[in-house]
Amino acid sequence: MLDDEKKPLVQVKNLKMHFPIYRGILKRQVGAVKAVDGISFDVFEGETLGLVGESGCGKSTVGRCVLRLYEVTEGSIDIDGTNIATLSGAELRAKRPQMQMIFQDPQASLNPRMTVGSIISEPLDEHKNMSKDEKREKVGELMDAVGLARRFADRYPHEFSGGQRQRIGIARALALNPKFIVCDEPIAALDVSIQAQVVNLLEDLQEKFGLTYLFISHDLSMVRHLATRVAVMYLGRLVELGDSETLYMTPKHPYTQALLSAVPHPDPAQAGNIDRVILEGDVPSPANPPPGCTFSTRCPRAQPICKQDSPEWTEIGEGHFAACHFIE
Amino acid sequence: MTLKYLVAGTLGAAMLSSTAFGAAHEAQGRDGNVNIIFWQAASTMNPYLSGGTKDINAASMALEPLAHYDENGAMVATLVDEIPTVANGGVSEDLTSITWTLSEGITWSDGTPLTSADVVFTANYCMDETGGCQQLAKFGGVTSVEAIDDLTVKITFDGPKPFPYGPFVGSTTPILQAAQFANCMGTAAPTCTDQNFGPIGTGPFTVTEFRANDAISLAANPNYRVAGKPAFATVNFKGGGDAAAAGRSALETGEFDYAWNLQLAPEVLADMESAGIGTVLTSYGPLVERLMINMTNPSADLGDERSTVAHPHPFMSDMAVRQALSMAIDRPLLVEIGYGKAGKVTCNVLPSPAIYNSPNNAGCEVQDIAGANALLDAAGWEMGSDGVRAKDGVRLSILYQTSTNAVRQDFQALIKQWWAEIGIETELKNISGGVFFGGDQSSPDTFQKLFADLEMYANNFDGTDPEAYMRNWSCAEIPSPENAWLGGNMPRHCNADYDALVAEMGGTADINERARLAIAMNDMLMQSYTIIPLVHRGNVSGIANTLEGVKLNAWDAELWNIADWSRAE
Amino acid sequence: MLNFTLRRLVFTVPTLLLISFIIFLILDLAPNDPTGNLPLTIPPEVRANIRASLGLDDPMYWRYILWCQQFFVNEPLNLLNQWFGWCVGDCENRLRVTSWATRSPVVDLIAERMPQTLWVVGMSYVVGILIALPIGVISAYKQYSWFDQAGTFVAMIGFSVPTFFTGVLLIVIFSVWMPNDSVFWLPSIYDTTHKVTDWGSFVFQMRQMVMPVMVLALYNAAQISRFMRASMLDNLSQDYVRTARAKGLKEKTVLLVHVLRNSMIPVVTVIALGIPQVFGGAIITEQIFKVNGLGQLLIIGIEGADIPLVQTLTFLFAVLIVMFNLVADVLYGLLDPRIRYD
């Protein structure tokens, strides 16, 4: 399935993002929330890598780290051959046009006091040396591209519907012709009827502009539809990564299996036949993850070894990785 | 050679003469500006519309009465050549009229002459029923004020007035210019803002800017009647703030030359004064903190006859006891603790004005515990085993009451201790001022009822004339259930000789004769120890060391002699 | 917006009339006597005479109507006369609202006080805002840094330590301890009669303003900087700030263009709502430094039971408060595109 000629646009190695916890009068650091704890993956040019997991597993943090919206604790992030994890302010800003993000909440992520036109054109002011008319034309083109009427350019974000706002967010992200876009749950806040429109728009744009997506979502069906490959995350770590079809048909990791078994089946008649894996207990706190395999506390197949040793990230098939002691 | 000496000699003489006479002929306004702070700001320059001390002081710089009271309470002629008396014919023999004659050549600050018409106008201005004049009481008993000629004014009263110096003596009743205030009579009085804020006067200064309740700028009056005065060209009369800030500005920062009425704790004032920039001066009016002995029996067993003349006091009626009480008190210590610079020891209940101050009672300054003990021993009061003297079953146990006030409670505690040393037991009581001085008929705790063996408070009188004040201790003034406890004779002092002196004073006009009578009355009270004076209380003001000529005055406006002020070298 | 403003303006008329009546009622019920401060030696019959001359014997409703007529009709007519020379009716003997203590028109007293109040209290408000905004911005941006902690501490001090303490402290340091010839010596008493005519007198004016302005500015800055900080923190955590960073904007642009502009919306309205207090004067600070502005005028009026003065001043304050509430609402509408009143 995987095209061998494809080269990775983004290479993430051993990424860690620990948020310190301060307590007491003197605000001493007493620990850290290990939101992302050593993950590695590649995103190939032109593909869509889906990143799925439960709420709070750290997938949004990964997205933000990959674009250096957080100062990462450890690891490297190579985008187009440059490690942006260590870039200084000015160099990083110069790199920004190549990588953009579409946010989950289209309302909150748009400055309420700026008109749509200025929101979209602001990156142009910052990074491109364009005349006023050129900018106006570019904004118009972008609005056309995302399906917004040009006359809306002078309106404020609150005057739009959720779907329209997300289109503004997308237009804004596209303004600088990026190669790589992180879509952080871009449809989670939208009505179901609108979700499909936005997803289709994203697909069209990918085709048109040759974009590479990191698509973060908890909506497994949407990811299956959109993603080339899918990575599954649990408590700050990747548990499985593989080609979309393979992963959905033959999930190897017990967590992936449990996750997929929870997806509602489109055919209610067959829904009863599915062998659902029900996970017991709550997700442990990332501030104090269990020793060994982080999934061991809830894993139906857990053995004593799981509580001691962290399983290796191993390639179990072609381009198919998983971290579990008991993968046949 | 000769010529040279001659020239040198003449030059020297000229220089000598210029220095010698220079002081007398120096120009008006040579000392620049003087800064005065009154922490209560003046709201008008017309004392007839505001009786506040601050307003009267402000006005006194521009407006003048016919005569002032000096720092000793004696009258000094201001706009007249002499004070009218019976002796010089100015006061009629029957004491029903007084005739003032203005000095010649006095002009208003606008250059027009001062005439008797101005005096007549001022009287009519205040006596107009609809004007709400605040000094109306000064014109009590006046039936007419008429101009005899341009410079002579006759004031007629409705009966004999042995002290006819109410109108136009002192800064509360200065002369207004008839021409300026002609349209301000009666109900029109409040509409004359320009006149009230900038009255034309005969005084040493004229108003250049009046900012109500804030600051007043004044400049020397070019038409002032005394050549070379005032020494200051301008006055900045600032108001606002509080006594502490005013004191600080004159005594510590040196921003102001004169700070009025510094009612501050003695140690605070002493601390400010220690900066060495200014001095605290005190002026003494007639306010005396005193003990009033109850000559009648306050025992609750007597019911309605409690504290009435029907029952003499079981032991206070013994003069030895009263005298011992007085001897045991250390007055200098009381002054130091309670009032500092704002008080002094007095042995008279009438310590001022100076001419009324009796010289006959000196000696109370020194505490004499041994003497007091000896006196009580001699009188037969024997020390009991409990440290309290007694005679014939009567113990010297006293209830001592006063109003609630930190200084008074300090005094009570000290005095109780001293009296314990002479074998007198004291029970202390303090009553809220509102009740104590309130005169409520239903309350047993008023100072008139005096349901105690003695009480302490301060009292004084208005003006300089003590006649009404001394009348307080005549038999007729004793408070009792019959007169609804009205009257000022708290000790229930009753003496036919005293009453005779009171009557004599009511018919005597000569000021020296009046003084003799007042002193005799004072001595009678002091030497019978019916009233035991403690502290003569005064007003304090802060004066910069560079300011000369200030004579603090309790009888007139404090700024009464601002024309004589000057800057020290 | 215009309709909204006009509608609100129309509603203020009955509101203010009601307020004026309530103020009058309260003042009338207060146990206060304009002759109460006179020396005890003035006898009761003279006092009764004074009260009668002030019109206190008239019934309450009649005095209220009289005040309304003087304030709402005579005073505006008088202003027309003074400003433009237009004369309507009897210009010479028109009865104006007159203070009982000074026997002069209340409006003239207020006009006389206005300059020093605006100079000192107004300047302190401006200085306070200028101090508060950067402190609030930096405190929020560097939350929990030493700067933020220091800012919090200073704001706490400024807010909780009363001005009568800070004022006297400054006086003791700069007027008492400091030698009089030092350049750092500052006058403790404000000279209201001082006129600025040249550079020297301007410097003197500045020197005498330093202490009262700083005392009040500290107090104002404490409040506003906390508002600014809170508002900045609110906005800093918003998604649009992340968007702005993702756009690759300079940090300065992110902070000043995106965060600050949005954070200023509530702060500007708070500042607008505080302006009536400027006109109200700072009663305590004015007393300490003897600035004798509107605050001191009000206090003297209250102490002396000068009812026409107190009534007029409090009513003018009520007008200012009502007006600036409206201004704040309109400003909010202008600044925040999400808010529309029509």
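Quick notes on this one:
The chains carry the letters A, B and C, assigned in the order they are written, with residues numbered from 1 in each.
In the analysis below, contacts are C-beta pairs under 8 Å (C-beta built on N, C-alpha and C of every residue); 3 or more make two chains touch, one makes a residue touch a chain.
These numbers were taken from a predicted model, which means no experiment stands behind them.
Put simply, the chain closest to the centre of the protein, by Cα centroids, is C.
Interface comparison, A-C versus B-C: the higher count of C-beta contacts falls to B-C.
In terms of their C-alpha centroids, the spacing between subunit A and subunit B amounts to 92 Å. Centroid to centroid, with C-alpha atoms defining each point, subunit A and subunit C lie 54 Å apart. Rounded to a whole number, the gap between the C-alpha centres of subunit B and subunit C is 42 angstrom. Only residues 144, 238-240, 242-251, 253, 258, 261-262, 265, 335-338 of subunit C touch subunit A when the two sit together in their complex. Taken together, the subunit C residues at the contact with subunit B in this complex read 37-39, 41-43, 46, 49-54, 93, 98-99, 101-105, 108-109, 112-113, 171, 175-176, 180, 187-189, 191-193, 286-288, 290, 292, 296-297, 300, 304. For subunit B in complex with subunit C, the touching residues are 37, 41, 43-44, 46, 49-53, 129-134, 136-137, 187, 189-193, 196-197, 209, 211-215, 217, 236, 238-242, 245, 248-249, 252-256, 275, 462-463. The part of subunit A that touches subunit C in the complex is made up of residues 22, 27, 64, 67, 69, 89, 92-97, 100-101, 103-105, 108-113, 122-123, 126-127, 156, 158, 169, 172-173, 176.
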